[in-house]
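The structure's right below; bear with me while I get my questions together.
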Amino acid sequence: MSRIDVRKTYKLYIGGQFPRSESGRSYVVNDAKGRLLANAAQASRKDARDAVLAARAAFGGWSGKTAYNRAQVVYRIAEVLEGRREQFEAELRASEGVSPAKARTYVDAAIDRLVWYAGWADKITQVVGNANPVAGPFFNLSSPEPSGVIAVVAPRGPLLGLVSVVAPLIITGNTVVVIASEDHPLTAITLGEVMATSDLPGGVVNVLTGSVAEIAPWLASHMDVNGIDLTGVTDADLAVELEVAAADNLKRVRRPAPGTDWLAEPDLDRMTRFLETKTVWHPIGV
Amino acid sequence: MTPIASSTASSTSDSGVFDDVVRSDSSLRRFLHGLPGVDQVGCEARAAGLGTRSIKTTAKAYAIDLAIRMVDLTTLEGQDTHGKVRALASKAMRPDPADPSCPATAAVCVYPDMVATAKQTLGDSGVHVAAVATAFPSGRAAMDIKLADTRDAVEAGADEIDMVIDRGAFLSGRYLDVYEEIVQVRHACGDAHLKVIFETGELQTYDNVRRASWLAMMAGAHFIKTSTGKVQPAATLPVTLIMLEAVRDFREQTGQMVGVKPAGGIKTSKDAIKYLVMVNETCGPDWLDPDWFRFGASTLLNDLLMQRTKMTTGRYSGPDYFTLD
Amino acid sequence: MTDNTFEYAPAPESRAIVDIKPSYGLFINGEFVDGNGRAFKTINPATEEVLAEVAEADDADVDAAVRAARRAYTRVWSRMSGAERAKYLYRIARIIQERGRELAVLESIDNGKPIKESRDVDVPIVAAHFFYYAGWADKLQYSGYGSTPLGVAGQVIPWNFPLLMLAWKIAPALACGNTVVLKPAETTPLTALLFAEICQQADLPPGVVNIVTGAGETGRAIVSHPDVDKVAFTGSTEVGKAIARAVAGSDKKVTLELGGKAANIVFDDAPLDQAVEGIVNGIFFNQGHVCCAGSRLLVQESVAEEVMSRLKRRMATLRVGDPLDKNTDVGAINSAEQLSKIRELSEVGESEGAERWSAPCDLPSNGYWFAPTVFTGVSQAHRIAREEIFGPVLSVLTFRTPSEAVEKANNTPFGLSAGVWTDKGSRILSMANRLRAGVVWANTFNKFDPTSPFGGYKESGYGREGGRHGLEGYLKNTEKGANS
């Protein structure tokens, strides 16, 4: 008689914990062939609120760490991901129905992307900052700082897409509430397990699974969220609705990006979109 | 000109307000280094801002006459002679012989050996004789020589003594030595009023100027003065601003007024008016009086006279119309 | 005792240098044209005298301006080499210097700001701004933002620094190869119209700069015009939010420079005399009509009393009055509407229990005036500590520790600027790190320079103006996968 599997329960990832939705709801996630894969937690607006609270609580500590330290943590995520790559390849094959070779390619790319962004932590300031030669006896320096708590609607591509939108935000010191791909949420939660064991402080990344149309408007209108990345929003009307709601506290908005090739090497834009420039003046005198 | 009120002559060191401060070198240092710092750029910006005031017509006429009344008409040259000093003293009493309404200057300022000559010429005109003493301008002499220098000038009839501080002692942090020297010179002055020269061009920083100001005021200076005129830069607007803030704050704390004298480098009426604006807006009108503010200058007077004539005649004047003494 | 009062005689700058016409049209395609809308009046806020009638641009006028800008963009400006564009901008900078006095006088008449400020601050920085961005026009490949212009920029500017805000908008836009349709504020249109004349003098190709006058409706028409590629706005947070909503779902690139409620933090080891100057400059410069004004003074409790007595003594020397008098420090409030807003919030401050003190000064009987005012005993909960008053009104709060100062300073939806005064270097850097604001002035305040980026965090807006960063808002991000 064959052994009965111990199935995994997919929950949310909030504040470094893996709670169920406070609503008690879940939804069915099917594999590529339409067979039941698992039940995922269906996050509510209150879960979104809790995630924002966790992200806000984590922001001071995370943005206050040295860039070198953030680099080490993100590199550590890559290391742990590498160690668990077979699990991710299997999940990708099951949920998206991709070939083993394709799954390997995505996992490779996701790991490499984390490594790429890890290296940016202590360079982005040098690339986008400036010493400004003002016409007077003043020292004047502009440097980038993270915008704060960023809400993200993740694109399809449960691993590479997710890593590609989250890594550039946290490497610069932002904290994130991400709504995982609605159809393929499971890998996002597994990725949460990787992050939870990679020295990433709880709350820096918070993963919600469920309905984008239900949760995203709460994040878009949330007055303690500083930016919103609509990359994964596929419904154009919803995108406009979210951008309008985001104006309530002038969130920095990244509009949807359909057709992005996640395998291509990224540029700086995903980092710089959610950076503020702070300029500090001081007189020069004796 | 009103005579300098004797009530202002009491040394604060006598009154005991700062007894704890001057008890030891370390307590004095703590006090001086505890004064609020000066931001150079902000201080210079404020001085420059005040320098943009536009003083016209009646205000300019008032300012020019006031400035003339505040001049310590100065000659401090190796080549000074009795004849030169007599001429200078005559000019101090009647700066514009053609215009009797032109006020006299506050004082003439000479080396101690010229005091008697100056005094003789000035008589009871009300124009004071100020003498630079204490091994002016370097101050590098033994203490008893500095005191003798002072007494000599006072005995010869000097109403005011302009002493220099020991910048070497100040810059090496021996504040108590500087303090005690001022106290002793003040004592040697007797009834004469003491102006203490910092030579701000050598003190370099505004923080030092502020500390020197408080040091001198605590030691009983009647006036604090920027420069000897022998070191560049001499008086500047920002240095004077720091000193004006010091006398203002000193009065707030002790109730006593101390005068301020920028000296050296003030050559034009326009410059002088900027200083008066600064006095007005920093210390207020109480200091707009020769008892409390002076200009140490020589060529300034003629420019003031030329401007004064321009105001009364409506046409520009020229140097040929004013005496060159 | 002699009377030592040093009364400064009136020193009025002559207004003979400006020639204000009875009426002005719109500047579209290089020419002044009549608008379709009604005319409105612009007045001198110091006297309430009507200065001129100005055309109000309606939708059709705005459309004509956008079409002119598009034509100029397609046919001329985007095809011109950067080096040639640069020369036009240098020319404009030079003409601004040559006509500097005229611009300064006109600005003071229309806006109410002291001639001292328009002459020594606004106009010189305006010229410098054009000089600075002129030099970028042929060096964009080194900017880090590419060198592809966006197209037509719609720009809406406020009344507090009419000409300076125009320069902040137009100089980088043109340097990057865009053409512009700019709307000055309805209470201060005159220097923008004089600038149009300067564009003519510089032989700037028609349509590269279009100036349309009007109020909110005209601004709305610009922002929502489908052929505008870029919206740049400086003004209230409320309007900024409306613009952010209006452009949702479009490809328009937006920069917003909005309100503020800056904390000016004074520690007990601060250079006090300079700090007092910084406080005064922070809130009374330009009558407090400054988005980055240091309107909340946070002073350490141990020196609060001393700072307040020094501040009040200094405030008593402020000269309030005729903006054209060269000795005026504080001029007129820009409009009746703004004056009533300042009065209303000040009354709220009193009714909420804060203690009000105003500098003793005689205010003119005509025009819009408000004495420099300070409120003590203010807490974070008071409206005057939270809302932007945009006038010469300072709210004073105290703190005990650096952490408390940071907390209070950041406890606002705004994040435009902040000030820190302390003699301790490491504390300055720590405070600068922890303050959530786009500009931090340490031991100084209200300093501006063309090379220095300016702009806010949070509800103070987004995007930067000035410096290399100021180019980003006018260049197309051609990176892979990027959206405007």
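Observations on the structure shown:
Order of writing sets the chain letters: A, B and C. Residues in each chain are counted from 1.
The working rule: a contact is a pair of C-beta atoms (placed from the backbone, for glycine too) under 8 Å apart; a residue touches a chain by one contact, two chains touch by 3 or more.
Computed from a prediction, not measured in an experiment: that's the story for all the values here.
Seen from the Cα centre of chain B, the chain whose own Cα centre is farthest off is A.
Once CA atoms are averaged chain by chain and compared with the all-protein CA average, the nearest chain turns out to be C. For this pair, chain A with chain C, the centres built from the Cα atoms lie 37 Å apart. For the pair chain B and chain C, the distance between C-alpha centroids works out to 44 Å.
Each chain gets a centre from the mean of its Cα atoms; for chain A and chain B, those two points are 69 Å apart.
Touching of two or more other chains is recorded for residues 39, 41-42 of chain B. For chain A, the set of residues touching two or more other chains reads 136, 138, 283.
Contact with two or more other chains is made by residues 443-444 of chain C. On the chain B side of its complex with chain C, the touching residues are 2, 36-39, 41-43, 45-46, 52-60, 62-63, 66, 245, 276-277, 280-281, 285-286, 288-289. Across the complex, chain C meets chain A through its residues 128, 144, 237, 240-242, 244-245, 248-249, 256, 258, 413, 428, 432, 437-444, 447, 449, 451-455, 457-459, 461-462, 464, 467-469, 477, 479-484. By the touch criterion given at the top, residues 127-128, 130, 132-136, 138, 140, 142, 147, 223, 226, 236, 239-240, 243-244, 246-250, 252-257, 260-261, 264, 266-269, 276-283 of chain A touch chain C in their complex. Residues 2, 4-11, 116, 120, 269-274, 277-278, 317, 326-327, 423, 443-444 of chain C touch chain B in their complex.
Interface residues of chain B facing chain A in the complex, by the touch rule stated above, are 39-42, 204-205.
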